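In the part that follows, the structures are each spelled out as structure tokens.
Shared chain: chain A. Partners: chain B in the first complex, chain C in the second.
What follows is the complex of A and B.
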């Protein structure tokens, strides 16, 4: 079922949805960007149709709704850890195909890995439905087509925004009542078929090639360029790593909470155990670890896709202008060189 | 839904000072633990850390802990009767059933003895479970020696070589554990053996190489790893190496896997 709504009708639809759902979408935060007079676009609850930023890709991914930068997982007193309570109200997230596909990646880690299901992820995921925002093609950092994440059928609503309003396709009967007698008009979402940027993920199946790649001099470049700030992993649609941190409340040091706080394999100390040295002590080591996780290790474990959805946010956010697509292409060149070397032996 | 990271309060039954910085905490719990598995120890306000189970009995587990970090320093302030929060057990332990009926060689460095202690106690108690146990235990110095009582008792049951890295001690040898690998009667095992190596990463690396030099079959070597962890259930990412999660796939690994892991 399809509908074409003008801005007023779209506002009314949003108001109706908000009665039953907490609606999250990319939203502009004025003057909160990294530089003077720049904005940040990130996921937040939206109240009005005009709050929804559809014209441009959000700086931060939709994962922040499901796995917030920090969340309380337990409240403790001296003799008890009491589980925090999650939201009760269903959630509707407006997201582009890359962000929806990214949730399939996160789910493999949070809900499946090792046979343990993470309660905090699962209780959020069970509440979430997606409204897929038709993507107009992203920007010059996007390469979703290369990663096969340009399409999805995991959505209850599909939406194509314009200055005049929004076209909607309803694929989940639960949403039909919100449309009532709004004007029907067929709409089938289109997906991005080509990005300006194309990335070829190198074949890293060969163990000897991987071994040689890990010690390849290409990674040394990042010792000079990468500042290990972790901005790339915070902006990443799929990165899941976190650290557990206990916090006490100032007015009563006996009570407090255990928090899950976003962490990053790119920052110093990520792998450091108490009283021991770091395993990955350089930016080169950390970059190699991240890139191989995204383009080999995750897939080697879970089998179905790579851990990168090609959203380009890491490239966009890197203060040192390190491009993930350029990095993967460098890996490809290094792999070709390694394979040629091995063939000669 | 079951919460796999929910800590449970447990009572500390006893604190035994093995050395100045390594104490063994016996904690009341009915958790059933395989030899070589670990638990997450938790202190409200401070945090959590993974600690291997160093002994187990009816209704209790022991953890041998070095005070080197935020959590372990606070655990050292606790005494019998105090509460310690536990969750677990996690990970894959020693393939004890595969070791049964074989000659077992155990090589440890420092507190690397802790994760094999409960298995050694099992084989000491259960005579005939393995054909023989050859134990090489090295410590940095006299102050670093742990499990004094057991080291003495194992002398009766096992073939033992105890060593300090640089110092002399009566009845003990001086040198790194790698120096004594050649003294194991490998030829007498008829290929029917398993080797367990636990210690700091460089010790495990060089012991592995020394074992290969002595003609030991790489398929028969096992190692136990330690890595930073927040969750211990494959979510937080801290312990991941390549496509391997130490918390899920380890901490015990066959050497053929351990050898190829690049942090």
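What follows is the complex of A and C.
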């Protein structure tokens, strides 16, 4: 069933939905950008239709709702502890297809990976329904079509925004009552069919090629360019890495909480082990790890997709202007070179 | 060639005497150091038509054209009308028919009416720079109409951030764009990138609280530069929604007692900065008994004393809640001559209305 709503009707719909759902959408935070007089668009609860930023891609991904940068996982007092409660109210997230597809990747890591289902992800995921925001094509850092993540049918509502209001397709009967006698009009969402940017993921099936790629000089560039800040992985739609931290509330070490806090493979010390041993101690090593994890290792293990949805947020947020798509293309060139070399031998 | 030229009159008209008799250098105002590039052809035209073909970047960001012969000054002034109208009257909203806010009709064919308040210089600010906290030339354009045209002298330098590339510390009234940062602890991943940035590029006010893996801050010594915001990968540090300003007072170069300015206002709003500047003429006039001399603002503060300065320039200014004001200022001068200020009492300068 489809509806066409003007702004007032959209506001009324949002108000009705908010009675039963916490509604999250990309929201503009004025002058909170990295540089002065620039804004940040990130996920937050929206109260009014005009709060929803649909014109441009958010700087930070929808994953921040499901896997917040910081969450309490349990509270402890002496030898007793209590699991954190987490949200109770159902959640509706307005997200573009890339962000929805990213949740399939996150679910793969959190739910069932290693025979273990992560309670904190699972209890959140069960509350979440998606309203798919029809994407007008993103920007020149997007390459969802190359990654096959431009389409999705995993949504309860589809929405196409304009300055005048919103067209809605209702695919989940649970949402039908909110539309009552709102004006009906057929609407079927369209998906991005082509991005300006096209990325060819290199074929890394051959172990000899991977071995040669690991020591290929192409990675050295990042020792001079990458500052290992982790902005790319924080902005990544799919990255799941976190660390746990115990916080003691005051001067009594018996009372506190254990938190889950986002972490990043790009930050020095991420892989430090007992004895201060690190696997990847340079920016080049860390970049290689990230790129190959996203464009080979994940798929090699789980089989269905790469760990990148082509949202381009890592490129968009990188303060050193390192482009993930350009990097993957450099990997492709290096792989061609390696393969040519191996063929000669 | 005319050998009877009133060079002081020409200086007020923004033509500076050359070592070559009968030649002058035009100084064109560029408030905040930024104007439309189309004016480069205006400079070229003046330099090639009436000047010696050279162009100099004025140290206060004026467009300087050398080698203009005295007899060509009227033609240059006539040609300048459009530039002055577009840049000062229209872009900056300057009322050209006033001097020091008193009615004084401007003859548009006569060039600049006063030299007085010098060109307001500015770094490029956040129009371009990744460090800038403010748009420097937009602020300069708001100030231009307050201080110009006037025969009272003031040098204003605007820097977009506390790195102070434009040397707010070396002028009468230096303005530095700052911000009060907000810490969103919920977004902080404890990576300490901000701690390193602050230590490397600012005042070491941040530290990682190892117990909770969050950031502690010594807000007292924060210079408001925003390096933490730039360094943060998660937007856990953000600038205040509206920019704030630091005012550095009484800096100067010179042959007698050069000195670095000292902080007069911290965390001032734009309204406060503009309000103080609106009182600047009043203070200058009071010190010099309403007769402008060729003396810059810092010297006037020396004559009147900082506390008198503070009393007059803060009159009617409603300070924003965050704004801090220096109770007193003790400048440290380079005394080229030891005990420079010790001299016969009849040589002492006085301030205020004279009997």
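The criterion applied here is as follows: the second predicted complex is superposed on the first by the 342 of 345 C-alpha atoms of A that agree within 3 Å, B and C clash if a C-alpha of one lies under 4 Å from a C-alpha of the other, contacts with A are read in each partner's own complex, and residues count from 1 in each chain.
Assume contacts are C-beta pairs under 8 Å (C-beta built on N, C-alpha and C of every residue); 3 or more make two chains touch, one makes a residue touch a chain.
Everything numeric here is computed off the predicted structure, so don't read it as measured data.
When both complexes are overlaid on chain A, the residue A:229 reaches chain C alone and has no touch with chain B. Legend: residue contacts after superposition of the two complexes on their common chain; A:70 is shown touching chain C, with no touch to chain B.
Of the two partner chains placed around the shared chain by superposition, chain C is the only one that A:60 touches, whereas chain B remains out of contact. Residue contacts after overlaying the shared chain place A:32 against chain C, while chain B stays out of touching range. In the superposition on chain A, A:11 contacts neither chain B nor chain C.
In the superposition on chain A, contact is made by A:263 with both chain B and chain C. When both complexes are overlaid on chain A, the residue A:248 reaches chain B and chain C alike. By the touch criterion stated above, A:140 is placed in contact with neither chain B nor chain C. Applying the stated contact rule after C-alpha superposition, one finds that A:319 touches chain C and leaves chain B untouched. Here chain B and chain C are compared by how many residues of chain A each touches, and B touches more.
Residues 245, 248, 263 of chain A are contacted both by chain B in one complex and by chain C in the other. On the side of chain A, the complex with chain B involves touching residues 73-74, 76-81, 83, 109-110, 113-114, 116-119, 121-123, 207, 211, 214, 240-246, 248, 253-254, 256, 258, 263, 265, 270-276, 279-280, 285, 289, 292-293, 296-298, 300-301. Residues 126, 130, 132-135, 177, 179, 185-191, 193, 211-213, 226, 229-235, 238-243 of chain C are the ones that touch chain A when the two sit in their complex.
Contact residues on chain A toward chain C in their complex (touch as defined above): 29-37, 40, 42, 59-60, 68-70, 229-231, 234, 245, 247-248, 261-264, 267, 317, 319. Residues of chain B that touch chain A in their complex: 1-7, 9, 42, 44-49, 66, 68-72, 83, 85, 226-228, 230-231, 233-238, 240, 242-243, 245, 247-248, 260, 262-263.
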